[in-house]
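What follows is a group of structures, each given as structure tokens.
Presented sequentially are two complexes of chain A, the first with chain B as partner and the second with chain C.
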Partner chain A sequence: MLKVQNVSYRYDSWNWWRPRSEESSVLRDVSLDLEGGCCLGLLGTSGAGKSTLGKVVLGLQRPNKGQILFEGQDLYASGGQLRQRIRREIQVVFQDCYSSVNPLMTAAQIIGEPLRNYERLSAGELRRCTGALLEKVGLSAGDGSKTPDEFSGGQLQRINIARAIALRPKLIVLDEPVSSLDRVHQSLILELLADLKSSLGVSYLFITHDIQAAMALCDRVAVMDRGEIVQMTDKPLSLWESESPTVRSLTEAVLPEHPSLRRSLS
Partner chain B sequence: MEVRGLQVGLKTGEPADLLRSINLTLGRGQVLGIVGESGSGKSLTCRAILGLLNTRSMRVSGSVQLNGQELMLLPEKNLRKIRGKEIGSIMQNPMNAFTPVHTIGSQFVETLRTHSQLSKGQAWQQAVHSLESVNLMEPDKILKRYPHQLSGGMLQRVMIAICLCLRPGLVIADEPTTALDAVNQLQVLRELERLKMECGTSILIVSHDLGVIAQMADEVAVMRKGEIVEHAGVHELFDAPRHAYTRMLLEARPRLGKEAKNAEGSKRQLSL
Partner chain C sequence: MSKSRQRVFKGQPTIVICSIVILLFFIIAALAPWIAPHDPVKVDLTQKLDGPSAEHWLGTDQLGRDNLSRLIYGARVSLGFAVMIFVSSLILGTLIGALSGYMGGWLDNLIMRVCEGIMAFPNLVLVLGIVGIFGPGLTQILLALMMVQWVYYARICRNMVVSLKGRPFIAAARVSGSSSWQIIRRHIIPNVQRPIVVMATLEMGWAIMDISALSFLGLGIQPPNAEWGAMIHEGTSHIRSHPELMIYPGILILIVVITFNVVGEALSERYGVVKR
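Take a look at the complex of A and B:
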């Protein structure tokens, strides 16, 4: 469904007096494949280029090299109407739930916005749709009249998810959706995402630095380090036994579940 | 440190509607963990202990004693001398803890010189040493940079380096690792552990991550809705949690397939 082919991206601007440097490359020759109904995890420390790859896939940043194929069509070569249609199929949930909603809009308006943009619904239908979406993500239809400041972080993230699934997309890019939440809400949101995946058949590109979250949700995991994919596996659990130093540093950073398993920190 | 009957409320509301009679005791070289969901009053407790709450809009009562000295009655001028020198604090967001318009070095040196009689050169030397000790490469370069040029993990380690220099008796760490990724989190915990071992510092660590608590704490206080609902030794808490909310916290970790289905029932009963 989604093919990322030899994508490179760098953030620096260059001109005649400031030549290009190779060091500032954020993505180097990254290639990925994602089938429908599958969850691909992108795992890595901060600065590994995970989020940049997410933005490139979303169509927000044109890569310097390589191409993104979504159902066989080049995302950046296609223009106008085609682009608009592809955009509808790829949605996103960001880490910072507060800044991804307009504080002046009500929850129903926020969730209804993509529907208003893409579908011609009457006011009654729109209300029914947003109500159903709210219930699908574990809130009540009555919450639709509240504004973002009346919700907690976990609830607001549910609203972001509801907005992302409103148009029944084929792919959702989840950019650290649970990192800013506390553990209780983290596991609840992960469960919600797993439920939605099986009921809607949507694919996820799940960007995270939390190896346990990745293992709980993903079918496949790609480990990134400094702009490159260092490991790709179909069995996320096999990462525990991985030899690669990048993966090792991630698995070793997992904190104990019980004080008797405490690690020595010297 | 001893906290007795600490209460915080809004002036417009009930006298104790934000925090209700918090009692905490922390011995030398001990680590006390505070856990709880967001909005349960963990950070408010920390700020009340540091005397950082706005007394024009908040009503604070109770007693906070440090080495037998009552902090609640001290005037602001004396409190300033205690903050930093005797109570170090590490905040959740290191980006907000530094001024963006001055270099790391000038802020570091300023902090050292307000609490000791060092010359600028000596203070700079000490800053370089302490940055080296938290495993930051090229400390001279880092000191000349501005906060936005460093990553979150590096800034957090600079904060800890400042703490290390002043050798406070108590460090209040308010979610020190929440903004960091797993690898940096381990680094920061390592530095805190070293601070404890080398200076005999007591640490009050606030977190919503039980992994951090399991790794660091000797004792744990569980907060919910402005109250301490459970207070126990760390082993006791993990082996035999008494409060329903504590059990829910313990169960809240990412689960794999089958395990998740078994746990679903129990979570529904508790319902957040």
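Take a look at the complex of A and C:
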């Protein structure tokens, strides 16, 4: 469904006198494949280029090299209406739930924004739709009139998820969706995402640095390091035994379950 | 809105009083033709430089014109033009600033360098230069002040837009299919308008000072029309015998500027706005 082909990306500063170098590349020749109804984990430490890849897939940042093919169509080559139609199928949930919502809008307006952009609904239909979406993510329809400062982080992330599923997209890019939440809400949100995946048949590109979260949700995992994919596996559990230093650094970061398992921090 | 207003003013009588004073000035300015006891430009040399009396509460000036009526009509010019400068530079500055911040790149650079160029001069010097080119008169002053005032709004607005643009909800709006125009209308303008209006309240005091200063220098309103700054100027020739001719308009300018500043400060404290 989604094909990322040899994508390279470099953050350009506007200073024309600053020489360009390959060193400043955030993504280097990245290729990925994602089938429908599947969850692909993108694992890596910060600075590995995961989020940049997410933005490239979302159509927010044009790659310097390479292509993003969604159902065979090049996201960046197609213009106008076709591009809008492809875009509709790819939605997003960002890490920072607080600044992912406009503080001046109500929950119903936030969730209704994609619907207003793509579908001609009457005010009543829109209210019914947003109410149903709120219930689908575990809030009540009455929460629609509240503003973001009346919600907790976990609830806000549910609103962000509701906005992402509003258009019934085929792919949702989850950019660290649980990293700003506490452990309890992390597992609740992961559960919700797993439910939605099976009930809506949506695919996820799940960007995270948390190997346990990736294990909980993903069918396949790609490990990134410094702009490159260093490992790709259909069996996420095999990562625990991996010898690669990048993967080791991620598995060793998991907190011990018992004090006796503490590693010395020498 | 009424709820937030109550919260702003709760337990702060100074601000309530200042707001009422401002409102009162605007009402007086609007109703000048009906409440002024005399014609402000009617010369009566038999009554020149009279002291306070039942007919002329604040006495008369060197041409026998009623001081109170001149002060009331003067409020019209000072406040009216301050509001015009305020509105026009606010709109111009906000639009240019929003465009600059949203587009970024070379356009942003160009606009910001122009702003810095204008800000490098003291306001009054630049206005004097512009008025020097176009000649004295209220319209010219209005244009000149507008040309220097918009940069402050543009800069603040631009910076707010740049910081808003990096927020994930703008990216989320783009992903959910909103066009640039829809993003500006739904997300950017609502988030910048309140701080900008608060800042503008602070700028109002400055606008009144600038208009009065220019009129004092003889560049603004032309005689015989009344304006506070011009009245102070006319009073200078009688400063020893009749200092009240300068004191009355001076006090009014002081009151208006202080009240605007108090209200503006309170609002900016409440909404955390950066001052220039």
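We take it that the second predicted complex is superposed on the first by the 261 of 266 C-alpha atoms of A that agree within 3 Å, B and C clash if a C-alpha of one lies under 4 Å from a C-alpha of the other, contacts with A are read in each partner's own complex, and residues count from 1 in each chain.
The working rule: contacts are C-beta pairs under 8 Å (C-beta built on N, C-alpha and C of every residue); 3 or more make two chains touch, one makes a residue touch a chain.
These numbers were taken from a predicted model, which means no experiment stands behind them.
What does the overlay on chain A give for chain B and chain C, a clash or a fit?
Overlaying the two structures gives chain B and chain C room side by side.
For A:Q91, select first, second, both or neither according to whether it touches chain B, chain C, the two together, or no partner.
In the superposition, A:Q91 touches chain C alone.
Check the contacts made with chain A and report whether chain B or chain C touches more of its residues.
Larger number of chain A residues touched: B.
Looking at A:S100, would you say it contacts chain B, chain C, both, or neither? Reply first, second, both or neither.
After superposing on A, A:S100 lies in contact with chain C but is clear of chain B.
Anyone got the angle at chain A's C-alpha centre between chain B and chain C, nearest 10 degrees?
Reported to the nearest 10, the angle reads 70 degrees.
Once the structures are superposed on A, label A:W240 by its partner contacts, choosing first (chain B), second (chain C), both or neither.
After superposition on chain A, A:W240 lies in contact with neither partner.
Scan A:Y11 for contacts with chain B and chain C and give back first, second, both or neither.
A:Y11 contacts neither chain B nor chain C.
So, A:R262: does it touch chain B (first), chain C (second), both, or neither?
The answer is first: A:R262 touches chain B but not chain C.
Rounded to the nearest angstrom, what is the minimum C-alpha distance from chain B to chain C in the superposition?
It is 13 Å, taken between the nearest C-alpha atoms.
Jot down the residues of chain A that show up as touching in both complexes, chain B in one and chain C in the other.
The overlap between the chain B and chain C interfaces on chain A is empty, containing no residue.
Would you mind writing out the residues of chain A in touch with chain C in their complex?
My answer: residues 14, 55, 58-60, 84, 87-88, 90-92, 94-96, 99-105, 113-114, 117-118, 160, 163, 166-167.
Which residues of chain A touch chain B in their complex?
My answer: residues 45-47, 152-153, 180-188, 190-191, 194, 209-213, 215-217, 237, 249-250, 252-263, 265-266.
Chain A touches which residues of chain C in the complex?
So the residues of chain C touching chain A come out as 105-106, 109, 167-169, 171-178, 182, 186-187, 190-191.
Which of the residues in chain B come into contact with chain A in the complex?
37-39, 151-153, 178, 180-186, 189-190, 193-194, 197, 208-212, 214-215, 217, 234-235, 238, 248-249, 252-256, 260, 264, 267, 272
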